[in-house]
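Next up, some structures in structure tokens.
First subunit A sits with subunit B, and in the next complex the same chain sits with subunit C.
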Partner chain A sequence: MRIQIRQTWNHLFTVFSSMSVVLMVAALLLFLVPMLGKGMSAVFFRGTVEFRKMQHDLYGLGSESTLQKEIAATQAARDDIYAIFDRFSRGIDTDLLAGEAKRLYRDHGDELRYQNVPKDEYTALRKQAKGIRNHLMDAFESVDKAEIFEHLDAVEAFKSDASLKGTSVEKLIAMAADYRNIAETVDFSKRADYAEELDAVEEELFRLFGPRPGVERALAMESYGATRWDVVQKHLHQLVWQESWVLSEDGQQMVQKQVRRDDPKEGSFAGTQLAPMFALVEETVSETLRPRRTFYWRYFVQDSTPGHYFGGVGPEILGTLLLTVLAMCFAVPLGVISAAYLVEYAGENWVIKIIRVCINTLAGVPSIVYGLFGLAFFVEYVTAKQKCITSASMTLALLVLPVIIRASEEAIRAVPRTYREAAMGLGAGKFRTFATVTLPAAGPGILTGIILSLSRAAGETAPILFAGAVALGPIPDFAGKWWFQPTRALSYGCHDITVGDKLAMMVPHNQYGMVMTLILLVLCLNIVAIVIRSRMSKKLRGY
Partner chain B sequence: MKYLKTMVFVSAVLLAATGAMAEKLVIDGSTTVGPIGDAFAEAFKDKCDVTVSKTGSGDGAKSLVAGSCDIAMMSRFMKDKEFKTAVDKGIMPVAHVVAMDGVCSIVHPSNPVKSLTTAQIKDIYKGKITNWKQVGGADMPIVVISRDTSSGTYETFHGLVMKKEKMASHVEYVSSNPQSHARVKSTKGAIAYVGLGFVDREVRALKVDGVAPSRSTIAKGIYPVSRPLYLFTAGYPKLGSPAHLFCTFHLSEEGQEIVEAKGFVPVTDY
Partner chain C sequence: MFEVSEITEKTKSESLTMESIPISKQSEATAGKIKLDGPASASQPETPITPERAIIQSRDFSFFYGSKMGVEKINMDIEIGSVTAIIGPSGCGKSTFLRSINRMNDLIPQTRAEGVLSVGGQDIYDKSTNLVNLRQQVGMVFQRPNPFAKSIYDNITYGPKLQGIRSKAKLDEIVERCLKAGAIWDEVKDDLQKSALALSGGQQQRLCIARTLATMPKVILMDEPCSALDPLATARIEDLIAELKGTYTIVIVTHNMQQAARVSDRTAFFCLGKLVEYGMTDKLFTNPREQATEDYITGRFG
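Showing the complex of A and B:
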């Protein structure tokens, strides 16, 4: 009977322990797989011609001649789209036309003054030109077709006037003829609606193709169109489909309604000259943007534009590595020596007990407290008020010190007494015994502690937030005093990219990419440490 | 002895070289103004070494007073206490208004409510109005979302809409603008407030007191919940210095374009 109970217990234990392992693996998969999968999209994606343009302009990559050819080819395809768009928008957005008319009128004045026309004649000619301009402006302003044609007729009455040949006024008259063509096809009663929709369409065209050739923008993020195929798809959808929310029933939630903008029945541009553009953009999108499979390995080495809109995480990786390695340089010797003292030299009195309690407590202190301590002590007194790599890594060292001390202490304690006794028996002193026998034997255990703290140091944000991490700063300059420079870091970058800017919402792949990089970096560091540990224990075992 | 001399000489040269590298400009402060700092830094990257960190308005003020940064970005004016500490230390803070920002109340696009008054919004955050039915919407409980109390956006909202009164206990706090945006995007009954730059097609900005938030209404001060964004320097920066160029960059045409691109309202109108 008792044996049966024992067996049942055994089975239960097996079931529960295997279940917990399965649960852990599932949680890990649920967390890691989507994170890494989405992160990979920062490296593997279909890059468009805009991407190659950006890489060439910002980082000097790719061959100039092939790129120019590609740009020329895509530009030719884009020009057809812009031609349709421009033609239609001239009828809607008449501010531009009005501006041009005003400019021509001013030019006319300049011409006359340049020719030294007598004053009376000058006044008469200017008056005539002003009349023509005003008619034209009225035509642009008006939304009533009959009225528009009336004004245009008045302007075109001067067409046969020979004295105006070759002057700016002739151009004004030509504008009137041009506008007549447009006016015949535009439904002016809808001009206000069109204008609003047209702004949206123009915005989406800009997101797809970037600024028109010749237009210079101050920021890199505004200088290129959609660099990735997934972004292209998104903006293409927003370009072609009009999204609106309509009230289905009074007092109810509104429901989303999607209509193609060129839909013959309900589309906002139904039956207009703009309607064919949408189909054209859709058809030619692979021609205008030329997507190509891209393996963007430079993501891990390239610098980024501020806000991480374009570019990679090179400086962040470098910064994180520097911080972590330097933190280990501070923490490992200190930690191991303290552990050695606690085990080998200190007795078991109440002072030591209190110290142990303190170390255990330190291990549980929230990381932001370390961050504030780092600001108040290291930044203020050690590095002369300069937020820098040294102060940040010192803070990190402080954070991981308790973990290293505890792990080393346990590892040193676990070395069999007989080892020490044998060494002592051979005449070795206390220090020699420790340095040549105990420490190597405890090596793998100590390394386990170091691995744990390494990952923690690489991933912590709070301690370096005040002590040395910046969102934007110089890349560590190894020719100068890099240890006195602040640095970018992956963990702080992840924080910055999610809280700061609306930009981050536009580049989710970079967000995930940075998280993925951090996970991979920690993984690599761990693997290196694990390899060293297994070598070490192999040597210890003696085979 | 000879070696020592060369060593001293070499290190002196090295020191001089590092000192004379590019001029440095350290910027710290608000996460809201941060994007402007980032973008200006992009435009300045050939002229000097710019370092930007975003720790919050309060920390920006502190590091300006402590002398560890040249320019503090702040989404609110300096508090009396901060100003006093600065003056006691012999530092005269000078404010440069770099842009305007509107704090927009946003709801899910499916919400039929288009407009609220400040009093109604205040009642929602005080818990007096708990259902959209009460303000002319569908029968649905209101999920109230606010920024954390340490943010400048909260302070603006708290001062201009809440009139410094306490929010109800059921209000949910999130710690950044993108989080508010994401929460409203995915919750049909939610209301939150974000900066103008975060209003897009996925959420709808409400009219407040009948005024829709837009560039012109905010610039003119018609929209009731708008605020200036500041750059603070210790005294007016030396004319022609990098700090001076940086603090006046928003007055140029290029600077205005950048401010607009980042979703803020420029103070200039080219």
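Showing the complex of A and C:
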């Protein structure tokens, strides 16, 4: 009977412990897999011609001639789209037309002055031109079709006037003919709505194709269209579909409704000359953007444009490695020496007990406190008020020091006494024994502590927040005093790209990409340390 | 380099005499201080050891772990070049006494020694004692084989390197000589760079003995060297002890009375921290003087 109870307990214990293991693994997978999956899209994606253009302009990659050919081909396909768009927008954006009319009128004055026309004739011609212009402007301003055509007729009455051939006034008259075409198809009562919708369409076209040829933008992020196929899909959808909030039924909730902009019944551009453009964009999108499978491994080495809009995380990786390695350089010798002192030399008096308590307490201090301490001490006194790599890595070193001391202490204590006795029995002094026998035997245990602290140091944001990390900044200059320069870091970058930077919100793949890089980097560091450790223990075991 | 090797050669040739590398700087001055003609105790062996032949002399030596007594008032001389066995029930202080001879107990905090324990005429618990010199002259082999996690070669050269020997040729020579003396050369000569931990337990223990020999000790202390080994390996170690006898003074603690009878010239019987009986081995085993000894060796005790 009692044996049965004990067996039941055993089974229960087995079940619960295996369940907890499964749960832990599942939680880890649930957390890591989506993170890594989304992050991978920063590296594996379908890059469009805009991506290749950007890589060529910003980083000098790719062959010039093939790119030019590709750009020419896509531009030809885009021109058809822009032709439709431009024709329609001229009818809507009458401010533009009015401006053009005014400019032509001014040009006409210049022409006359240039030709040295006599004064009376000049006055008469200008008066005539002004009349034409005013009719045009009135036509542009009006929303009443009859009135518009009246004005346009008045302008076009001058069409047959031979004396106006070759002058700017002739162009004014041509504008009138153009506008008549538009006026015949456009519902002018909806002009304000069109103008608003047209702005949205223009914005989406810009997001897809980038600035029109010949237009130079100052910011890199405004100089290129959609570089990735997923972004293309997103903007294509926003271009074609309009969203509106409508009452589902009277007195019921508002629901979101999606309608194609060229929908013959409800679409905002139904029946206009613009309507065919949407289908055209959809049909030719692979021609206008040329998506191609891209393995963007340079993500891990390239610098980025402000806000991580384009480019990679090279400087962040470099900065994190610098900070981590430097922090370890500070923390490991100090930690191991402290541990050795505590185990081998220090007795068991109350000072040592207090020191132990302090170390344990330090291990539990929130990392932001370390960050503030780093600012108040290392930045203030050690690095001459410079937020820099040295002060940041010293702060990190301080953070991981307790962990390293504790792990090393345990490891050194765990070395069998017979090892020490063997060395001492051969005449080795205390220090010799420690350096040649105890320390190597404790190596794997100490490395475990180092592995734990490596991940911690690489991933912590708070300690470096004030002590030397920046979100934007140059790559440390290795020709100069790089240790006195601030640096970017993955952990801080993840923080900044998530909460600090509005631009980054537009590039979620880069947000996840940075997190993925941090995870992978920590993983790689750990793998390296674990390989070293297993080599070491293998050597210690002897087989 | 030449000087060093000369010194070692000298040490080797003089390993049977008592004055060699001084344990302390004042060895000459203090050598005569110890009175060897103290009151003969009951534990004195029947065949007396002349003061010139006594390499280890213990006079009212007591050792304490804190307030706990380890051994008490031991009076015992150990003859140069002989094998001395220490037997007795567990916890009677055999290891304590043995480890006192090269001050291995110093590693344990809060220990204290009283009386006189001298090696080669020098009181080793004197402040002037150089522990490094002492331990090089009094080597130790432990209960469990404890080779370093290094190659066989590095294990042997650890001691000589501490003494400052750096010449590759010299070290090679030492390695070969010690491994041969440790009766393990034939088994390992093909791969001296192999990790010592890859050897079997018996091989490891012989390697540890060889490692001890490499520092040119005059005395080798063995604390139950065979207790972790199988009978075959034990037999090989015993053969080795017989070979080393004469060249080295050996003190061996053992639980195995046949072993004590086989390998030793003299045997000391410890009980409850005291030396009960000390005498020639064949005498002690066949005709013990004390009742306690007889009880112990006939198995009626502990």
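Couple of notes before you dig in:
The criterion applied here is as follows: the second predicted complex is superposed on the first by the 539 of 543 C-alpha atoms of A that agree within 3 Å, B and C clash if a C-alpha of one lies under 4 Å from a C-alpha of the other, contacts with A are read in each partner's own complex, and residues count from 1 in each chain.
The definition used in the following text is that a contact is a pair of C-beta atoms (placed from the backbone, for glycine too) under 8 Å apart; a residue touches a chain by one contact, two chains touch by 3 or more.
No experiment lies behind these values; they were computed from the predicted model shown.
In the superposed pair of complexes, A:A220 makes contact with subunit B only, with no contact to subunit C.
Of the two partner chains, subunit C is the only one that A:T436 touches; subunit B does not reach it. In the superposition on chain A, A:V325 makes contact with neither subunit B nor subunit C. Partner contacting the larger number of subunit A residues, of subunit B and subunit C: B. Judged by the touch definition given at the top, the superposed model places A:L540 against subunit C, while subunit B stays out of reach.
Using the contact criterion defined above for the overlaid structures, shared-chain residue A:L452 touches neither subunit B nor subunit C, since it reaches no partner. Of the two partner chains placed around the shared chain by superposition, subunit C is the only one that A:G347 touches, whereas subunit B remains out of contact. In the superposition on chain A, contact of A:M424 is made with subunit C only, not with subunit B.
By the touch rule above, subunit A contacts subunit B in their complex via residues 217-222, 238, 243, 245, 247, 251-256, 305-307, 379, 385-387, 465-466, 469-474, 480-481, 486, 496, 498-505.
Note for the complex: subunit A touches subunit C at residues 347-348, 416-429, 432, 436-437, 440-441, 539-543.
Contacts from subunit C toward subunit A in the complex involve residues 102, 104, 107, 109, 131-133, 135-136, 139-140, 142, 144, 146-149, 158-159, 162-163, 195-198, 208, 211-212, 214-215. On the subunit B side of its complex with subunit A, the touching residues are 17-18, 21, 31, 34-35, 37-39, 41-43, 49-55, 59, 66-68, 109-112, 133, 137-140, 175-179, 181, 188, 197-198, 200-201, 254, 257-258, 261-263.
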